[in-house]
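Same chain, two partners: chain A is paired with chain B first, then with chain C.
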Partner chain A sequence: MTEIDHRVYLAASAIVFVIGFYSLLVQAHVLRRIMALNVMGSGVFLFLIALGSQTPGPVPDPVPRAMVLTGIVVSVCATGLALALADRVQDTTDRCEISEANRHTASSDRKSGIEAEHSEGSAS
Partner chain B sequence: MMPRWMAGSFSVCLLAALSWAVWSLPTAPKGLTAESLARLAESGVTNPVTAVLLNFRGYDTLLEVGVLLLAIVGVWSLRRADWPRTAGGDFTMLAPFLRVALPLLVLAAGYLLWIGAFAPGGAFQGGALLGGALVLAVLGGRGRHILNRRDLLAIGLVLGVLVFVVAAALSMLLSGGLLQFPSGQGGVWILVIESAALISIGLTLGLLYLGGRPSKGGLPRHD
Partner chain C sequence: MALLILAPLTTAALAVVIPRRGRGLAFVTAVVVGAAVTGLFRELRDHGVRIHQVGGWGAPLGIDLRVDGLALLMLCVTAGIGIAVALYATRYFASNLNLGQNRPQEPKDEATHRDYYFWPIFLFLWTALNALFLSADIFNLYVTLELLGFAAVTLVALAGGPAALSAALRYLTVSLSASLFYLLGVGLVFGQCGTVDLPSLAAQRESGPALWVALGLMTGGLITKAALFPMHFWLPPAHANAPAPVSALLSALVVKGPFYILLRLWFEAFPTLLTPAVTQGFGVLGAGAILWGSIQALRQQRLKLLVAYSTVAQLGYLFLLLPLCSNSGGGGMAWSGALMLLGAHACAKAAMFLAAGNILHVTGHDRIQGLDGFARSLPMSAFAFGLAGLSLVGLPPSGGFAGKWLLLNAALTQGQWWWVAILLIGGLLAAAYVARVLTHAFTHLDGEATVRHALPRIMEWTPLGLALLAVLLGFASDGAARLLEVGAPALAQAAKGRMEP
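== the complex of A and B ==
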């Protein structure tokens, strides 16, 4: 891999990370936010692999490769947990969006939702 | 959620900072290649990635296997499993395919685990394959007898961390260092730890797909 290639991969990893970051800030839907986090993670993986590929020697640096290898599996599992939490958010609030606008307009809504849940809990 | 112009300017600033950081990195970093290759012979395996994962940075991998367990415990405590509507259905194409593919996938997972000692492969790759096989099995309504046994599934999920922790404690007793395997035996220790990790990783990934704990009754009966 030439030096230019190396720079391109590193720059691409920064761009991928920032694309995910922007979506994380802008999107309200929790599913899109989880996807944004995954895109950010892909940027980090690309960065680590690009970094490890440039070291001198017969083989690429095994340490970043090992970190990415486990990182991918961990990120899949974290995504699974995030999806379960997102489903729980939707179950309890009847909404799958997190936004400031929602919080103001639907605050009375949510209050009644919590009360309903409480009465449900005491009934059972 | 914030206004687009604000998010956009934040992102541009971050991109500028990251680009600068990435650009100012040394073009030929020394890395840890030389160090890891120098001690490769002592690790018990000849694949440097496996040596890093299970020997040089074994503590790190122990914690990562723990994170996988935490994730599935979290999911199981939040929800009940959703069985795919198609599970247990009548598949003229999928069923014969799965009859051939599932044993092959399990075999390939074991092969990846074994080859990980000297070529690309290992518990995480094999586990991913095993997880995929489990997802296929659930979609095809197979493996019902396994998914009915929540106790067995729980043991399988914990096995990776359990064996890893026991190995860590034993290695501490025998050689005085956490996950510092007695010299000359590294290969056997790594194989035992990886075999347990393979089962746990595969089960974790496959069961995450169900999105919750299987109910006591397991898969609903096909009617």
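== the complex of A and C ==
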């Protein structure tokens, strides 16, 4: 019973992580990207928790839990920093999309290609 | 050893509380860290690898700090660049400077504001770097990597302005997702091996599909953070839009952090998985970085972007270490060559960015076309830029030459001639883009010198000092190589084990 459970959690964590990463590549809006990062993080944490319950016996392995706690602290800080930065970007540029951020990673799915003048690429 | 982390952390916290004293606190830190690194050097020379158990708890339960030759080298480079940049920044942030490109002068209080924020974040960055180089387990490395990323992103955002802010935001998202990939890999390794401690991992010598996936995830995250081609796309805007001292810190030190973890991971924890296919793959990416970065550098119209693309190219050389170090014969040579190159690049690139900051400050822009004759108004910065370029190109007697020479020798010894070709072409391309700037510097010297703002003397001397250091490093290559070999038995053996099977 528990064996099946932890496999389900492992699979679920992989799915959550991939969903998060996919929307990070596809979404242009900053808030959506920050949320995508959080979803990715949740996937990783779920994975670590599932690993902890893998060990036989009633007491789960405490080390992955300690890692998750640390990870959550880090991710809260990261979200705070990202939101503050996004706020500043919106104040100064009146836009809330990351320009050209996914030019190299997911060019086919990109929604806005209009900010070409901000790209630091080739011959600008 | 713990002092190396505690000192900058304490002063950083103090600098948040009393921002007026930020500069003084940075100098206290510089003195303490300098003394600690010197002390550590003595200990290492006399007693070999040093381990510090935080709070008295041993490796499997507690957190170990460890210093060997490689770590000490990185700590030395960090301390050197950190002190130089701090010296430069005292005047850079104090005088009311034109920081962004073509932005009008800003009110005095905003500059003060920036001065207040720079020092605590700079000290946090230093803390994160020292902690990263001292960490001996892969989860701790994750935490320090995140700290490093946060400090770096905040420093980029310090420039204000729309370009810098969106570059910072992009840097943050890329950096965070890369860290999550790394963390997922750490989880997999833990699930497979039951430990995250580097020496214990090395002792286990496990392999299997799960470990390959884990290493793939971690490596993917790390090369994104280290801006290895083709994951370098975030680097040029972030490094080019930051204030000059920040650009210098980012290019010289921050991107070396993930590279260091990569070395630890492949050479120390999982040397058995370092197959020829993997190493040649890294080499191909490195070669791609050298060629693509150099060609892009040639095509840039803005000086700081040129220097940033040059960083992309120079990072490529570091990754040539992997194919050259893990084959038979000359592995040790490649090892010390690549790390020599790392030190030389740190000094040279910091010098270049600081010199570029001077040029931006004095002329008010950094368009390469409009830089004619800047050698007249800024002779020392032009000289520093030239000297740093000397090291990047790899001309004797610079540190860049010593490093490339060792890499070349290793490649020739092993008959891997294709890397020799890449090294030579990379040198030629670097000569071309450095010359492109210098021809502008030394032409039309008869014209009017366009001095818009006077420049504090320390801002002229610091880049020159760094550039001289980069050139003189060539003479210190023997000592550095010995330090690396004496201090790093685990890593040296990993390389040697392959040499003499």
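Following the convention adopted for this analysis, the second predicted complex is superposed on the first by the 95 of 124 C-alpha atoms of A that agree within 3 Å, B and C clash if a C-alpha of one lies under 4 Å from a C-alpha of the other, contacts with A are read in each partner's own complex, and residues count from 1 in each chain.
By definition in this document, contacts are C-beta pairs under 8 Å (C-beta built on N, C-alpha and C of every residue); 3 or more make two chains touch, one makes a residue touch a chain.
Just so it is clear, the model here is predicted, and its values are computed rather than measured.
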Chain B versus chain C as contact partner of A:L48, first or second or both or neither: second
Which superposed partner A:R88 touches (first chain B, second chain C, both, neither): both
Touched partner set for A:L37, first chain B, second chain C, both or neither: second
Touched partner set for A:P60, first chain B, second chain C, both or neither: first
First, second, both or neither for A:V76, with chain B first and chain C second: first
Contacts of A:Y22 with chain B and chain C, given as first, second, both or neither: first
Those residues of chain A which chain B touches in one complex and chain C touches in the other: 17, 21, 47, 51, 54, 63-64, 67, 70, 74, 77-78, 81, 85, 88, 98-99, 101
Residue ranges of chain C in contact with chain A within the complex: 139, 143, 146, 150, 153-154, 157, 160-163, 165-170, 172-174, 176-177, 180, 183-184, 186-187, 190-191, 196, 230, 233-234, 236-237, 240, 296, 299, 301, 305
For the chain A and chain B complex, residues of the former touching the latter: 3, 6-7, 10-11, 13-15, 17-18, 21-22, 25-28, 47, 51-52, 54-67, 69-70, 72-74, 76-78, 80-81, 83-85, 87-88, 98-101
Chain A partner contacts - residues on chain B that touch it in the complex: 1-2, 4, 6-8, 10-11, 14-15, 18-19, 22-23, 25, 27-34, 36-37, 48-49, 51-53, 56-57, 60-61, 64, 67-68, 71-72, 74-75, 78-79, 122, 124-125, 127-128, 201, 204-205, 208-209, 211-212
Parts of chain A lying in touch with chain C, wherever the complex brings them together: 17, 21, 24, 30, 33-34, 37, 40-41, 43-44, 47-48, 51, 54, 63-64, 67, 70-71, 74, 77-78, 81-82, 85-86, 88-89, 92-93, 98-99, 101, 103-105, 118, 120, 122-124
